[in-house]
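Accompanying notes for the structure given below.
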Amino acid sequence: MSQDALLLVEGLKVIFPTDAGIIKAVEGIDLAIHPGECLALVGESGCGKSVSSLAILGLLGTPPALVRAQTIRFDGQNLQALNEQQMAQIRGKDIAMIFQDALTALNPVMSIGRQLDEVFLKHCGMNKSQAKEASIEALRAVGVSSPAQRYRQFPHQLSGGMRQRVLIAMAFAASPKLIIADEPTTALDVTIQMQVLEELRAMQRKSGTALMLITHDLSVVNYLADRILVMYSGKIVETGPVKQILKRPAHPYTEGLLTSVPRLDTCNTRFYQIPDQVPNPMNKPSGCHFHPRCSHAGELCKQTVPSLRSLSPQREVRCHFPLQKGEGGDSQHA
Amino acid sequence: MRKGYVLERILYTVFIFFIVITLNFFIPRIGVEDPAERYYPPQGNLTDTEYSIIKQLTRKQYGFDVSGWQQYLRYLSQLSRGDLGTSLQAGSPKVSTLIAQRLPWTLVLSLSNMLISVTLGLLLGTSAAWNRGKFADRALMNASTVMTALPAFFLALVFSLYMGFEWGWFPAYTEPDMVASFDWSWRAIAQVARNAALPVISMSIGGVISYAQGTRNSVIAVSQEDFITTARAKGMSTRTVKYRHVLRNAMLPIVTSLGMSVSGLIGGSVVIEQIFNWNGMGTLFLTANNTNDYPLMMGIMLFLSSFALLANLVTDLLYSLLDPRVSAGGGRR
Amino acid sequence: MKRSPAKMLAVLLALAFLLSGCASRFERLEDVSSALYIAEVASSFPQTFMPWFSRDGVAPTISSMIYSTLLSYDDITDTYQPNLAAEWAYLDRQGQPLITADGRVDYARLEEEYSGKDTAFISVRFALNPQATWSDGKPVTVRDIVFTFDLATNQKRSNHAGALVWANDLMHKYDQNTGRLRRQGIYTYDTGANEAGYPVSEAEKDHVFYFEVSKVLGAITPLVSTILVLPEHIYGSLVSIEQPINNTDPSPELRHAYENPVGCGPYQLDRANTNSQEIVLTRRADYHLKAPDGGALYKVDVLKFVLFQEINVAIYALKKGHVDVLDASVSANYARLFEHEPGISLFSAPGIFAQTLVINLNPPPERMNAMREQLTNPLLRKAIALAIDQDTLIGYVLSGRGRKVPMGLVREGVLHNPQADLIQGPMEERLRQANEILDSLYPDKDDKGYRLSSGSRLSFQVLGSPGEQDMINYLQVLLQKIGVEVRYAPKGNSPENTYLYGGNFDMTLQGVSFTPANVDIMMNAHYCNLNRSSNYGRLKDEQLNARIASMRTTLNREYKYQLVQEIEELAAAHYYKLPLYCQDVLSAARTDRFTGWVVSPGVGAFNMDSLSRLTPSGQKGR
Amino acid sequence: MRTTRRKNNLLAMIWHHPQGQVGLILAGLLVFAAVAAPWITPFDPYDVTQRAEKGLAPGWPHLLGTSISTGQDIFSMLIYGARVSLLVGIVTGLAIAFLGAFMGILAGYGGRFWDTLIMRLVDVMLVIPTLPLTIVLTNLFGKSYGMIIFIFTIFGWVGLARVIRSQVLVLKSSNYIKAAQLAGASRRYIMFRHILPGVSNLLIMSTALTSAGIMVAEAGLSFLGLGDPTAISWGKMLAEAQSGGALLFGHWWWIIAPGIGIFLSVFAFMRIGLALEEVFNPRMKRSGMLLRLFKSINGSYIQEVFDAMDDRPETDEAGKEAAP
């Protein structure tokens, strides 16, 4: 199974040593993305999901970060063995990224056209005029109105949705095999969010690109993703197909996430909130990191770190007392 | 849109200029009812009639023979003809003539100071930022904390003492024939370089350090911006990222501080000029001060302010060229 | 690798600076001609050389070399030497010169002749040196003299030129308001000399002229020795009431004349080599005065005045051999610097200025306060005078390079009056006397000093410049010994905030110099005139005023000097300007190119006397 | 609440910052020197009776020699000089903080009129050449440290006011201020209860840094002879050294001594200011420290950290196998 994965990551760990102590951002995660698949990495902010994606692409500065992994294999290539120059060849061409805040993710003093051109010039062997044509075409493809005019404009002159589209166009520019989308719609209004997601899904369908979606928004996950990977405090706490997990979460944290999503079909007048805050990454709780916030937690949870256990062939959970037994989930799926 | 911004900046500059002119008119008049009391010529054994004649003449000479408003209007019309007034020095030279004589020599110091500060500062600052935390960086940061606490005039004295007096590497004071015998020959240029060495070195040490530190911090701050990650994620080579994405943005605050040093270009070397006996605007001003040559002092003040205003305007416009966000609205501040 | 551009640039710059440093060479050291390099300490050089313009900085020195006066006057010996005027004489009523057998002024007959009341002025006859020429070749004639002195007396055409004050005693008078001549007092062949009874023959018409001057002995000195004669053929057509000579906004022609002086002095301006840092004068071959041997009076062909902003720089230049001589006095602290320097001589000349402590003894009512009221008491002032130990001050402040000044403020020469030195004796005795006086004045005393009946301590401020602070601190110590406190108070650098003229101070410092040449003016200024003169402390004494007035008007020279001596005594008894010291004038000159430097009282090594005695030392500079 | 608690142990926070500690110790020494000057100096430089031979070289009892022009003991002058430097620096720093905060808050929160007015004023002030104007003003109003403090304050508030204003603008748009406004709090209340505490960190920090800057500026003015002519200050000592022939005589100690005084005082306050900056704003932490930490933590410890993240050996197997 891992053999045919487009991206295979095993035992990825990231720490940040600081004056005050060591921040354990990612504590060993495994993940695999198959061609054309959309994998969602879900979790609260600070759980290490963005750091993981940056670490995979080698975009984390070292210092301040220290990264270790057993395997980071992309398309049969060991990414860890590549130097910066070779990585640069992969980034943008094979793996592209879409960032959360398009205003800060775009260079403020460069026209968006030139920023797009850079991708075509670098990865597609085009000359300047070709690149310009391709950029305008790419802008049009993501639904940017009057792309030739936008081409000359600067990021601050565009609306938030437009900027996000530009980022999407930029990611898809070199037809990569994998796109990592880090909270692509969080910074946008809800109506614009939908349009952008639409665009993203259309582009993904059209090109058959694999998508690694990083989000905390389960409705986005529901809309785009095939498989889910729930992270908490640097560890994966639950994985599985989207439908199963959304319907029957096995980890109390996943359940908490689900209940905190406002739904139109239920009549909750108050949102459910997971109590307390994300644990201090410098000083994480013993045992299961989630236990101080967990309503099901027992004595065992405080002492022993639970391991990732298989519930069904496709589902795993890291919990001493999972909410769902494997069979139930399985039968649902079947 | 951009035209509008340029026009707005120019109009604004003119407005401020007007305020500065007015201030310049009023400051020397603070507390002066009768200029004859303040500026009358050296004491002698004057009889009462002689003294009253002198008073009258002095009043007329300073334009105090008419009412305040008329004085102001006269001042404006005089300025509009480019006339900065007449110095009280022997022979009543025009203030503008005196400034024109001294300005080039001050510019020799301050321009080479700026050139050295900016180029060395940028080079050191960027290389420190690229090698963040390594030896060069730490050396620069340590040097900067030490050097910013050492005022330039102290360094100037120390350099003058050692490199000038003790070791005789450079002239400890400006050679008196430097200005006089300057004729654009290589010999004369070498002489200027030799004489400018100590003043420029003592001025530019602080400049290099502060530009280097500013550049370093700016480059580091920009390197941590999201769009730099975007650029890297696009697969841009390290070189492209550094020079096209980081530096361009990191230059923006540097341009602002450059603008500020340009506006202090002429007035900034008063103390250094005094120490090295350099015949520039600074010594001209100190001389004017010591001899109570108010017309000259105020002429220099106005010249410096106008220069600073112009420098600010150019900086603003340059900044708006570099940063498209500015002319669209808001300001850089 | 990455830092290499920075490194390269730094190395390049360092190299450039170092290489440029090797090219250093100095003009003087290579100069084999007879050119003297003179260091001037000034903030800037004048660009114009109108001799009446400026009395500050280098301008007077330069002007006095380019232009000439009618006569030269020697302060010390009280004698006149011919300059532009080859001969001169007071005339008796018959027009005959009042001259003794040995050619000197016959003061006895002068007094005899003019003491009566039937005439308002004295007539003086001058004959110009026929050899005298302007630097453009034109001869100096009586037209130049008439033009010059006529201009000096006419305020409308001369503005407040420096000449104004000094021309006061000429009887030639103009109306201040109209600028019209009210009374003629200068006569030449062309301006009615013969008609007025001053005979001038046709042959003498270009050289002989007559002045009518006030009936005082002091009238002639400033006229003949301070007013530099201007060329009529240059300025005559340029100067008018609309365009006065001393003008802040001169016409281009006038400016051109200012900038290109045509003079009749021993040197002329070498415009081509003169600039903002260097004034170059060249010797005029046709100068009318010659050495006794018939050769040039002054031995130096070229004078190069080099501008230095600060005395330290000038001293450095002298040490380095950039200049031959320093036209500035050197602080005693620097004497050590030259002591073992080969090729440099240090000269010490007695000073002419007596430094005094001026006491405000008559403040205007609005400036009066309790402390100043104490100072109106001459006994207190005497006590202060008793406590001033000049030896200590000279030792500490001047490092011993100074001399004591008697209470009469005149140290030596014809004016000196030993009787005026009211305070003498050993210091212990003086302090005892002082305390005796103070004890009687202020019964309230503790170990710190005396108190007024109001309880406040006897304490005064001494207004001074920052440079004088140290001296005032020593004064403080001296007066501490008799229980009187004085403190330094800074004076501003403009007249209005020095408070001196308004009498808004307790004490201040002032230099005083009485010489036969200036005693008429200065005694009046120091002791009589209350209006913006040197009489800061506003001394008012009818007897003294009368004595000074008669001193100014007497025509008997012996009597005049006797009066001066009496005035010294009278003034000293007021304990008004208390002598502190007289600082020696230290000057330094190099001897590797020229030898023969001489100094005289109050004058440093660079002076006209030196110029007439210098001889090249033959050896080239180091 | 949080800010007040911080302020209470402000000194402690600076003390615990390695750079700040240096600053505090130096500043403490200087303050001690300034206060105790009459007791710790071997000679009273103001007393002419305690003068020695002029131009002595360093030795005993004149540790740093004597001046050429007056014979004053240079070491004693150095100690006394701390008084002027600290007084002018600290008082001006506080005055600028006060005026700058007032102007900045007024511009940022006082409404459009004040904002425009103050910002125009700022523009004018930035253009006027400070040093020449200072020279003119001291000439007009006399030379004293009061005057210098006044002039520095008049020119110094500009930069601070701009920073404060932008900080206020940020605060103004923050939710808690909006909430307070909605809750009907008065402008004055919001200004003093919310805005002022919001900018207080900035103010404290800038006071330290401005004081350092003012000390340099004061030395410069004294050097030009614009300070109080009766006081002994480091700038004036340098000026006296220059005009009194220290260069000609090669008396380096006369130049170096006041230079060290200036350096130490400026350095101390800069250290304190920068320490405060880092304490208040941890993101500003210097990378150098981080890297030193990297080096000081040995590799095996890092390895341990990484290893500790793995699931326990017994469960590890299960997890590994369970992984898809």
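Here the chain labels run A, B, C and D in written order, and each chain numbers its own residues starting at 1.
Throughout what follows, a residue touches a chain if its C-beta (ideal position, glycine included) is under 8 Å from a C-beta of that chain, and two chains touch if they have at least 3 such contacts.
Because the structure is a prediction, the values reported are computed rather than measured.
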item	value
Chain nearest the overall C-alpha centroid of the shown protein atoms	B
Contact-richer chain pair [B-C vs C-D]	B-C
Centre-of-Cα separation between subunit C and subunit B, whole angstrom	40
Inter-centroid spacing, subunit D versus subunit A (mean Cα positions, whole Å)	46
Between subunit D and subunit C, distance of the C-alpha-averaged centres to the nearest whole Å	51
Whole-Å separation of chain centres (CA-atom averages), subunit B against subunit D	24
Where subunit B touches two or more other chains, by residue	133, 165, 172, 274, 286, 292
Residue numbers of subunit D (touch at least two other chains)	139, 242, 247-248, 287, 290-291
Residues of subunit A touching at least two other chains	63
Touch list for subunit B against partner subunit D, complex	12, 16, 19-20, 23, 27-28, 30-31, 132-134, 137-138, 141, 145-146, 148-151, 153-154, 157-158, 160-162, 164-166, 172, 220, 263-264, 267-268, 270-271, 274-275, 285-286, 289, 292, 297-298, 300-301, 304-305, 308-309, 312, 333
Complex interface listing, subunit C residues touching subunit D	310-312, 315-316, 319, 331, 333-334, 336-337, 396, 399, 466, 469-470, 473-474, 476-477, 488, 490, 492-494, 497
Parts of subunit D lying in touch with subunit B, wherever the complex brings them together	120, 123-124, 126-133, 135-137, 139-140, 162, 166, 212, 216, 219-220, 223-224, 238, 241-242, 246-248, 250, 252, 255-256, 258-259, 262-264, 266-267, 270-271, 274, 286-288, 290-291
Subunit B contact footprint on subunit C (complex, rising order)	2-3, 5-6, 9-10, 13, 16-21, 23-24, 26-27, 43-44, 46-48, 50, 53-57, 59, 155, 159-160, 164-165, 168, 176, 247-250, 255, 258-259, 275-278, 306-310, 313, 316-317, 322, 493-496, 521-522, 524-525, 529, 531-534
For the subunit A and subunit B complex, residues of the former touching the latter	54, 57, 59, 63, 84-85, 88-93, 96-97, 99, 101, 104-110, 115, 118-119, 122-123, 154, 156-157, 167, 170, 174
